[in-house]
Every structure is written in C-alpha cells, then in structure tokens.
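Please go over the structures that come below.
Shared between the two complexes below is subunit A, which has subunit B as its partner in the first and subunit C in the second.
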Partner chain A sequence: MEPFVFFIFSILTLGGALGVVTTKNLYYAALFLIMSFSGMAGYFVLLDAGFLAAVQIVVYVGAIAVLILFAIMLSRKVMTRNEPLLNRQWGLGLATAAIFFFVMLAVPLNVKWPLSNEVSSGNELVQLGLAFLGSYVIPFEVVSILLLVALIGAIILARDTSDVEVE
Partner chain B sequence: MTIPLSWWLISATALFSIGLYGVLSNKNAIAILMGLELMLNAVNINLVAFGRHITPLEVTGQIFAIFVIAIAAAEAAVALAIIIAVYRQRTSINVEQLDSMRF
Partner chain C sequence: MEALIHWLADLLAKWSWWPFAPAPSATVVVWLVYAAITAFVIAPLAMIVLTWLERKILARIQDRIGPNRAGPFGVFQALADAIKMLTKEDITPSGVDRIAYNIAPAMAAVAAIAVFAVLPVAPGIIGTDLNIGVFYIVAIGAYGILAVLMAGWSSNNKYALLGAFRAVAQLVSYEVPMVLALITVTLVAGSMSTADIVAGQGSGWYFIAIPLTFFIFFVSNMAEVNRSPFDLLEAESELVAGFHVEYSAFKYALIMIGEYVHMLAAASFSAVFFLGGWRGPFIDWAVQTSPLLAVVMGHVYFLIKVGFMIFVLIWIRGTLPRFRIDHLLDFSWKFLTPLALLNLLVVAFVLKLFQPGTSAGIDIPAGPLSGLYLGGWGQTLGLLLGSILVVLVASAVVKAFAHRSKDAGLRAIAAAE
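Up next, the complex of A and B:
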C-alpha cells in the first residue's frame, strides 16, 4: 500500500516540478508549483511528520505560492509579451542539472546508512514544542526576528515612493 | 512496508535537479525564484527522511526543516519585493537586462 501512495505523491511532486520548469506560461508554472508543494505535503505525511505537512500546506501553498501569483499578476506585461522564458545557456543548464542528478544518484545507491528500526512514539508535536522552547530556543527567537526584518524590509522595498511627500 | 530511505533520497535528488535546471536556464526572475523554492523543498524532504530513518525517536530533522521553511518564506517575501521594485523602475524582470552594476 505505502509504495503505491508514494508513487502517487511522487507523480504529483516531480510532475509538478517538471511542469514548473517546462511550461511557457508563468501563471501555469505557479499553479504547477502549488501541485508540487501539495505532493510534498503528502511525502511528509508518509514520513510520520504530520505537523510538517500542515506547515507545508499553510506556508508554501497558502503563502509563498500566493505571493508568487501576486508578483506574476503585478508584472503581467512580461507574461503577455510573447518571448521565450529560457535564456541562451539553457542547454548548459540542462547538462549541469543532469550531471548533478546522476553523480548524486551514487550516494543513495551505494552508501550504507546507520538505519534504525525504532518506531517514533507518535507525539512528535509535543517533542517539537519542547525542542523549540528548550534546546532550540535561541535559533527560534532569531528566526522570529528574521521574519520581522523580512516583513518590514519587503514593505519598504515594494512601497511605491513616487507620490510620497518628502518632508 | 515502509518506504526505504534510498527512494526518498532519489526522489529528492530528482527534485533538486529539476529546480537547479529551472534556476540556471530561466531568464524571468520569478521563474528563477520558483526553481529556488523547489530546491529548498528537496532539501526539506532529505532532512525529514534522514530524521525518520536514522533517528526516529528525535525530531531534529523536522526542526531543521521548519527553520528552512521559515527562512524560505522570508527569502521569498524579500525577493518578490525586490522583483516588484525592479519591475516598477524598468518594466522588465528579465535578469539578462539587469546588468547596470556589471563592470
């Protein structure tokens, strides 16, 4: 059963990702990106990471993909202007990506990992909460400050300054 | 039966390579950003899969994945703000034309 579900989510994830890089319409690319993110949420469910699957849906599908759609809409003249999306070096890019894939494939096929057969206790949400406010409290606070800085920075960068009165 | 670790790793490698191709071969800044998001997600899959198969009693892999998600969100917000600011000034987000800082 599980391999079957894995293949369905793989088709969603990898097919969506292929759609992102091959479609000519940027708007469709963003919709393919949503499909890929949803498949990844399924991956996380299969990996016993239910909380992460919820975060994936809320943050990636709900926030980042919608943000990208907004940016595409705001720069729509680029979309309708019928020019190719690929640059001149796309062949080299394809070769680099393919070489990277086949070289890195040697790692999962050859390395023997120190696998563990224990099964998680199923209360990973409790463990996550304890870890975030325990041993990972400083990175947690730093990330919250980073998000605040990014929020303010994004507003200042994207603000239209043309009709602001200078005092 | 549970999925072996190598399947996750191969799937994540394929996803990372697709994202890498998207970053290297597009000239639209938003398309490059979408490739970047795919690469970050491939890393997340690897982190969670390693955590699930090597240290199933701890949640360290998931914690790192959550930090990656938070930083990806910040990065996407700032990058799209920059793209919109550039578009407003030049009515183009073609990265091949953004060369005014080139020596």
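Up next, the complex of A and C:
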C-alpha cells in the first residue's frame, strides 16, 4: 500500500513541479505549485511526521501560495492565458539551473542512505517541543525574533503615511 | 462477485464493532468506504436539514411563516429544492477557465467535509484521533480558501473576482485570531488532539474557563465560514452572489454543500473546544459502566450542543446587518488580533501559576499556586479571572483610542459614555 501511495504523491509533487515551469499561464503555474506542495505534505504523512505535513500545508498552501495567487490576480491582466515562457535572460537562467542541478545530483550519488533502526515513538510532537525549547532554544528564539522584525517591518512599510494623526 | 460478497461481509463485520476500537486489520480501502459513506450521506443530509432550519428560523425571526407547503412544517421543501437543483441545466459560461472552474466546487465540498475526520462525536467515536487535530483543522481550511479563489478567478466574471478578492482578505485576516484562539485552547488542554481536548474538560467546560477565547474563536469562525454578518464574499446587494455567481446545477449544489457543511463544522468544533463536546450529566458514569450507553448519551449531548450553536449562528444572521469590508478588516487586525494575543499571554501566565509538577510525563517546576489546582477547578477560576481582566483592559484601551479618534462620530460616542 505504502509504495502505491508514495507513487501518487510523487506524481503530485513532480508533476506539479514540472507544470510550474512548463505552463504558459501564470495562474496555472501557481496552482501547480500548490499541487506540488500538497504532494510534499503527503510525504511527511508517510514519514509519520504529521506535524510537518500540517505546517507544510498551512505555511506553503495556506499562506505563500494564496499570497502568490493574490498577487497574480491583482497585478496581471486577470484572464491572461499566455505568458512567454522565455525572456532575454533564459541563457543565464539555464546556466544557473544546470549548476544547481549538478550540485544537487552530487548528493544522492555520494551519500549512502543508512536506514535508522529507531522506531517512531508516536509522541514526536512532545519531542519536537522539547527540542525547540531545550537544546535548540537559541536558534528557535533567533528565528522568532527575525519573524517579529519582518512582521513589524511589513506593518511600517504598509502604513499610509498621509493618514498619520497630526497633533 | 464472490469477492464482492466476501468484501461486504468483511465490511459489515467491522462495522459492528468499529465504534469501540478501530480494527487493526482494517485496510485503507475499508476506511475509504467509511469516509465515502460519511461524505455522501451526511454532507447532503446536513445541507438539506440546515437549509430548512435556516429558512424556518429566519422566517420566524422576521415574523413570517417560512416554508410550509411540502410536508409537515415544510420539512420536505429543502429536499424538493435539492432535487430541483440537480435536474437543472449545467451551464458552463463561455470564457471560463474549464479546469479550475470544474475543480473548485469539488474542492470546496471536500475541504469542508475533511475536517470531520477529527471530530469526536461520542466517547471513542472519532474518525482518527490525530495528535495534531487542531492544526489539521487549520491546514484543511487553507484548501477552502483556495477553492474560493479558484472559483472566483476561473468564472471570468467581475463580481466573482471581486468576491474572491474579498475572500482572501477576509479569510486570511480572520485566520489569525482564530489560530491564536485555538492555540489558547491547546495550551489549556495541553494537547492538540481533539479527543484529549474533550477529555480535558471534565472539570469545567472551557466556555467557563476561557469565555473570551470562545468569543474570539466564535467571531472569527463565523467570518471563516462566511456567515452573516461576515458574508461579504457573497454580499448579494453588492456582488450578486459573489464568487459562485456563475455556478449552476450540481456544481452550485456542491458549493452549497461546502458552505453548509462548513457551518456545521464551525458549530461542531465550537461545541468540541468550548462546550465540552460529548460531555454532559452522568457521562463519566456511563463510560465506566456501559460503553454502548456512553456512545448513545454522547451523541445526544453532542447533537444538543451542535444544534444550539447552529441556532445561535442563524439567530445572529437574522439579527445583525452586514459589515462593510474596511470595517471588517479593521475589526480583525486592530481589535481581534491584539486581543487574542493579549489573551494568549494571560492564559499562558495563569496556566504557569497553576502548573502541576509534571506535564506529558516530564518533571517540570511546579507553579507558585499549584496547591490551589483543586482538580482543575482552581485553575478554571484563575483562567476566568484572567479573561475578565483582559476584557477590562481591552475595553479601557478601546475607549481611550475612541477619545483620540479622528472620527467625530466615534468621539461623540466615547464622550457620551
């Protein structure tokens, strides 16, 4: 059963990723991106990491992808069917993508994938919480401060300066 | 044929004892069948019953009789409407984006139905007791937003598109206070599993302990399910029907199913998180003596609470006028979100005060008031006092801001008080 489900999620992930870069319709590209994200969430479920799966959906589908869709709907001609796939920088893009691909290719070729004998304990949520507030508390706090700064920055940028009260 | 009969027999055998323990040998297929039965029977049924209830109660509120022709009290009216809806011509307007246009209604319905997987209906009766249950509900909600966006964009209609724009603004805005309220519930229960949250309400429903959280959750949930006074996505006086203006026949039925099932989910989870779910008089005794009796009692208590919550939702729809879009967003970002954050801090603080020595099997320092825990009742009282404090602070802050406001009307109201 598991290989079969894995196969379905792989189709979602890879098919979605392929769709993002091949479709000429920008809106479809965003929808394909969501498909790919959903497939990734499926992998996390298969790996007994339900929390990560939910995070994947909440953050990537619920926030980032919806934001992308919203931006497309606001900034483009709404029903534009075709966007050119290539622009003048396609050569540079191809080179960058090729370099990245070969670097990434080196990983599966050089790493042996050892299987851990550890059995999923079933209380991975508790373990995750303890790790966040235990041994990894400083990175965790640094990230939270970073997010807070971004949040406040966004509010300040979006603030309508003409609306500030003059006293 | 042989295999089919064998499979059905297997299915029935599992059905008979499924409520008390999930069969360890149950294959995914069997679970999928359960899910399909739930989706295909409960969801349309919920829509039919809820539309009838809504029309009838709204009519009473507005001093009308409401549907009264088909069957006693017009109970078959919604059924007749459903049949009519399915036999209508399925129109696909020219210029729509066919793929997204056809996927969106199904997605809306599925996103609404999927949250019922973690709904604890009675002791031991829950689709699947995920340890991230609360988070799962939030995650599935993302697909509901997506469905509205897809429907609005693909319809190639300016009203639908405006509806979709409002949808994103509203749903994303109100997701923030809703999630903050859910975090508060999670903190108090010490678990994200919906079954544990109900189990944790043995000493006082959370409605008593954290009434302010209930208010925040209920209001933002009302906005999440597009119920009046937050139904701006489909404000008929401005947008005809909003994001689903171009849908007809079966696709329209699917969107309506999505909407009413979503409303049912909102009522159900309000009951689960704050009104004790299946808890009620004598249920603890019943759980110990007879599981079957407990299941029956649990269903009854739960349905009473859900029914009450649905009535309140309809009642509010019949009472309050619709928000204006900028007021709606202001209300979320400038009032509910800061309030929910403050509330979260206060609840976390009170919980630390009453912290017993261990949590999730781990030894941690006990809080200074842990002696007053009193089997949960002392903590409940502390949380209630915390809620009252937050309400007092919030009302003082709102008043101070109203005095300084540029809006003359608002200043006048603040001065008059």
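Just a few scattered comments:
In this text, the second predicted complex is superposed on the first by the 120 of 167 C-alpha atoms of A that agree within 3 Å, B and C clash if a C-alpha of one lies under 4 Å from a C-alpha of the other, contacts with A are read in each partner's own complex, and residues count from 1 in each chain.
The rule is short, and it goes like this: contacts are C-beta pairs under 8 Å (C-beta built on N, C-alpha and C of every residue); 3 or more make two chains touch, one makes a residue touch a chain.
Computed from a prediction, not measured in an experiment: that's the story for all the values here.
Legend: residue contacts after superposition of the two complexes on their common chain; A:Met73 is shown touching subunit C, with no touch to subunit B. Contacts of A:Phe51 after superposition: both subunit B and subunit C are touched. In the superposed model, A:Gly134 lies in contact with neither subunit B nor subunit C.
More subunit A residues lie in contact with B than with the other chain of the pair subunit B and subunit C. In the superposition on chain A, the residues of subunit A touched by subunit B in one structure and by subunit C in the other are 51, 55, 63, 70, 74, 78. Subunit C contributes residues 27-28, 95, 97, 99-100, 130-132, 135-136, 138-143, 145-146, 149-150, 153, 156, 161, 164-165, 168, 172, 175, 192, 360, 362, 404, 406 to its touches with subunit A in the complex. Those residues of subunit B lying in contact with subunit A across their complex are 1-3, 5-11, 13-28, 30-31, 33-35, 37-38, 41, 44-45, 48-50, 52-60, 62-63, 65-67, 69-78, 80-85, 87-88, 91-96. Residues of subunit A touching subunit C in their complex: 1, 27-28, 31, 34, 50-51, 53-55, 57-58, 61-63, 65-66, 69-70, 73-74, 78-79, 122-123, 125-126, 130, 165.
Residues 2-3, 6, 10, 13-14, 17-18, 20-21, 26, 29-30, 33, 36-37, 40, 43-44, 46-49, 51-52, 55-56, 59-60, 63-64, 67-68, 70-72, 74-75, 77-78, 85-87, 89-90, 92-94, 96-98, 100-101, 104-105, 107-109, 113-116, 118-121, 124, 127-128, 131-132, 136, 139, 143, 146-147, 149-151, 153-155, 157-158, 160 of subunit A touch subunit B in their complex.
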